[in-house]
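Written out below as structure tokens is the structure these notes cover.
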């Protein structure tokens, strides 16, 4: 029997953004700050673009960990938002799990800070409960690359699949013809060199016209 | 029971070159441009040298992604060439899959741009349908090494085997005596230091003569 | 059947600190000296903080390998301490294994120097005997990163789980409310940027008061 | 006699943005694309914020080099814009030099693509004519870090001073009290971790209120 | 005429610690957090050990930049402490310059955050006024290594001398016999591998006794 | 059932040194030349020290690949030496396989040049025939680290275990008391920092005497 | 007085290619082999394109250093070619210096293997005799990056200017209009991503037509 | 006036090996241990080969710094050996300076551990007294590359010239014909890939014979 390709399905996927808080993000050193900010906003925009149910959660946001980054709050004004009173693993918070289950989706796309805790713990818990888990590697950050590598090994060992936000978007979209402009705008906003390709192309087209 | 060594067989292998387009290649930053160009041409020359059925495909080549690099077009004038109208995963394109199946081969050697999408998606689809998949790691490129590493983990998790173009050539050839000069020329053209070894050797032989 | 999340449980875990000796540590080059010292003291403090049974062992401490670093000795004055007369794999030493089994714990958190020997050998032995093994990647050091990577691959292949000391602490603690101040102090002492977050926060609170 | 500190003076400085074109930027590999985009927009915003005379120039923008990135065009609608018909060194173009001299400034802040040509050539020419030259290192990009390092050595050898955009902003501003909010906004928009500091601070202040 | 060796003299040197604030330090990414913390405390201990006049200064410590790290405050309770109301270059603050000049020293040892601004600006100003400037490279941090490298080039171009804290200590001490134990303790506390050498040595001596 | 710890056993292990030829080694760039030379000689000395049956083989040694490095020839004058007439995979050579099987050992320790071909091919073949395979990662070299990483993934996927030469030696030796001096000499000759530890120790002992 | 911009002048420049021999090039590890080969051929093509007098020289080409790479021989069949009988510094060879002086040029563009010897020695000698020396950094190779960095420091200290081959070409050409197609072809052949820009552009133009 | 090429002259050069002690070398992390050991022995062999007066010195060799590495002692049994009682800068020791001056040489080739102290201090002192100083960069080691880079900047700023041991040997030898075999042996012993070139060459010659 061949291994199944467990592929993201926009009708069966939810997004979990875990602890992207202003204090915690300043601990991240395995991505440069501008790359990381871009990737987090990109996966958030992917979630919005595909209308995926999205759940926000934070850990102790009134303390040193700081508030959720304001951009995410603004992008998802009506989404479930679970400010956890203490649980380190978001999956240990009943409201969070309820919100996840309420989506009715079986595929979970998870990003968070820091990778080996805020991402890995709920990822492993969700796998145990039968969800298919997809890690957004480049929108998840931690203290250094060594730590990230160990965290990915542990999650992959348990069956999680590692993808960057771009692969998530592509696997959800399937076919450019579903909406060329929409996907193009997403890429143009978050991949500067893709934007350059588009602008070079547009410029040449205008010249030719 | 011991694990089988699924080894490349020149009578049972086809090559899929996915989206080596002028625009997309300029997004690649996990290999330096000269290394990458060399590796892509090398795997193409391997395909030609072993007369492996080869399939070319592109994504939106009339847009910013740009045309297939001309060198590949010239090397494979009569091969199936599937300009996909929108499918991101080449395997979602019927013509492409038909072309693959028409080769009658069970081993697929895949290279493409970008690794986590244009390579990983068809690789995972092909595995699901029972093909043995070999990823040409160094002729596949993407935005950065982090993304590549995640993509390889995902593909290896599903059973794909990662090889560089040189290992592909060696595993197909099996024995230098099948054609010393042919293989030597291939290596001389794409491995500068091997070429240097050959030239040092030839020079010394001439002196001695 | 879903894969089980084998998660650290403070009631079922013991810590093994293997060969953190003054001579051997000077061989370590895959972490910078200050990072490594910090990580070793951090995992030791985690062990103390959670009152985990902890076992110290050394290899030939009267020779060039040098004595156990004095800080560890002082932190665990009453813990089993096995100065091995020659066994390279601590698990080959009966006293060590007896001490491990006497804890009655089924989860072993292992750190040591050098990773591919002093950590990997007892880890693989313990797995064979049915223990769940957790490797503290950043409190284990060796000659270079290449060697560490191979060692982790070998241990993960056998089922060991790689974590940094921070993930160990978080997985054991589960909920900040179990003791906010205690965990906070631990992090403040061993994660300078977390300490900075806390001091920024405290300063602002004082201003506001 | 002590060496003079040649310090940027907002009343005596002009900004030259050289060849930030969509095609050329896709050749840049010594900064990641998101970092580079951020840095280029940041120095442009610095120029606007301090009302520094700013000159844009491009090389062959109707060809493969591509158009100026649209963001720069929009930010500086009324600034001198010299589309050079062929001169590689912008200083070899009379209109460009006239525009520079028309500013009446003696300090030139230069950024461009690629560093060793489009930045270094006009920088060396300007030094020869007695200007003080400041290179915005992180808003200038090229093929790889080796090339950048050589280019900086050559320019420093001739007396140019290397700064990142942040140092340029700080040296021009001198004192936060000249406009706390303005400078803060600039930093918040282009230094994600600074923005995080500000948001953590604001959040705590709100709590305290 | 030979170039003079401008060597640190403990009777003629003062230490300036500029903007080691909790918020700003969390922006530093060119050293790992534990290395950086160690280096900052080390140069502070060097200052204390040699009784060098030491001046502390901060920038906007009531805002997002955060307070001076508490350890430094505690180490220097009676030293001049200039909380600058807005000047970015500490040398633009009269109290700071007065404090520097009041020391009567001609050699200034400077460390700070961030390197290209908080260190480079006062360094260049001090050179202009005839001071000999020594940069403590490893107790000065900034956004990334590229920025640091540019900052060092600029300062060296102007005549500043780059040293790590260890070289500062050694150049001030001159001869171990001035106080073997004191210097040894300093090194033991801040160079883990030196501490290991000492502990190995002591252990062997004890054995032999 | 717990996973078995397949551990090296000096009574059941043979060493295969594949294609360490003067030309091929000059292609190696994933280790520096001195490190690589040291590691190759180290594993050879391990083989000799434990009297493990050792098999040498070369590929086309009269051509550009060059002769076996003379040191290996001299160290193993009476060992089977198979100069392959053309087979790329040593396992495709009957004499080689016969020699391997003649040892009667079930554990194969393999090192060679280049990793993804000369090591990986026989490793995968041997696994298929039921041997336990141990890869000496640091005595195997190839074109670059990317290629090595892929090769290790492929071999680990098939069940090979990656070790550096030091782990091989330790796993074979088991207990220092089997021969302290012999093992110590081996380490002293191939691990300069271990030699330094020994010399420091010896010097102190002499002083004390 | 301002520093002069010593700029390459195609009427006053000669190219010295020193010891690009098959054996020596295999010692180079500070550039990857494909990058290095490309850069060497690129500077050779620059020399040909601008009809610069070019001098080839080798060191002991009948021994292990190997012959000049055949491509260079073929490109410059009628150029002075000095096979040095033993002088390590090419400038110590009278024929070589005569050939250099016979060109009547005052600017020397030097590339060679290895950088710190075969490039640095003649560079320093030429500077001493009043020549302006330009080092082609990326067509000069050596054992590792550390060595290269030291060699560049030494040469820059003496007044040599470091450029990559691309900057050499641009500084010689001055204006695209002198020959757009010729320079474009040169870049297309040696900068794969520039070639991609050109092919994207051409493709779009064709579509538009 | 042109800058003089201050070139090493075997009749006017002495070698200073400073503090290559077993303890101190274990602090070195900017070179891998095998590379560093090789480089130190190489420069020592260069000194012997050219019969350069060589001076050994150590710092507190009866303490944790450890004894001089035995290899150096054995190689130079009759050379001046100054065990400094406490001076950190060897130049502060009268015996050392006397020994240096007694050589009558004006060029000093210095290597040592650690670079920023044991090399930089005597280098700067010697320059001040009018010596020409050559730093053997790769036989000098320190805590990390950042520290080395700063140390080299400081020494180059003062006029020291950085060379690797290979450049030292070549600049001293001038012409292979002075002793082909001697120099070849030196290179063969310390540059493994050069040795490979020689062995490939010799093998081919033998075949041809």
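The letters A, B, C, D, E, F, G and H name the chains in turn, as written, and every chain counts its residues from 1.
Note that in this section a contact is a pair of C-beta atoms (placed from the backbone, for glycine too) under 8 Å apart; a residue touches a chain by one contact, two chains touch by 3 or more.
The chain lineup, named per UniProt: A, B, C, D, E, F, G, H = Putative cysteine hydrolase predicted hydrolase.
Predicted model only: the values in this text are computed from it and were never measured.
J.: Would you mind checking which chain's C-alpha centre is most distant from the centre of subunit F?
T.: D
J.: Among the listed pairs B-F, G-H or C-H, choose the one whose interface is a repeat of A-E, with over half of the contact pairs the same by residue number.
T.: That interface is repeated by C-H.
J.: Which integer distance in Å separates the CA centroid of subunit A from that of subunit G?
T.: 48
J.: Need the CA-centroid distance for the pair subunit B / subunit D, whole Å please.
T.: Inter-chain centre distance comes to 41 Å.
J.: Provide the list of subunit G residues touching at least two other chains, using ranges where the numbers run on.
T.: Counting only residues that touch two or more other chains, subunit G contributes 23, 26-27, 32-33, 64, 66, 143, 191, 193, 197, 200-201, 207.
J.: Which chain pairs here would you call touching?
T.: Pairs satisfying the touch definition: A-B, A-C, A-D, A-E, A-G, B-D, B-F, B-G, B-H, C-D, C-E, C-F, C-H, D-E, D-G, E-F, E-H, F-G, F-H, G-H.
J.: What residues of subunit E sit close enough to touch subunit A in their complex?
T.: Touch list, subunit E to subunit A: 26-27, 29, 32-33, 143-144.
J.: State the interface residues of subunit G toward subunit D in the complex, per the touch definition above.
T.: Against subunit D, subunit G makes touches at 2-5, 7, 31, 137-138, 152, 156, 161-164, 166-167, 170-171, 173-178, 180, 191, 193-194, 197-198, 200-201.
J.: Which stretch or stretches of subunit E touch subunit D in the complex?
T.: It is residues 23, 26-27, 59-60, 63-66, 85-89, 92, 114, 116-117, 120-121, 124-125, 127-130, 143, 146-147, 150-151, 153-154, 157-159 of subunit E that touch subunit D.
J.: Within the complex, which stretch of subunit A touches subunit G?
T.: 197, 200-201, 204-205, 207-209
J.: Which residues of subunit H touch subunit F in the complex?
T.: On the subunit H side, the touching residues are 22-23, 25-26, 32-38, 61-62, 64, 66-67, 69-70, 191-193, 195-197, 199-200, 203, 207.
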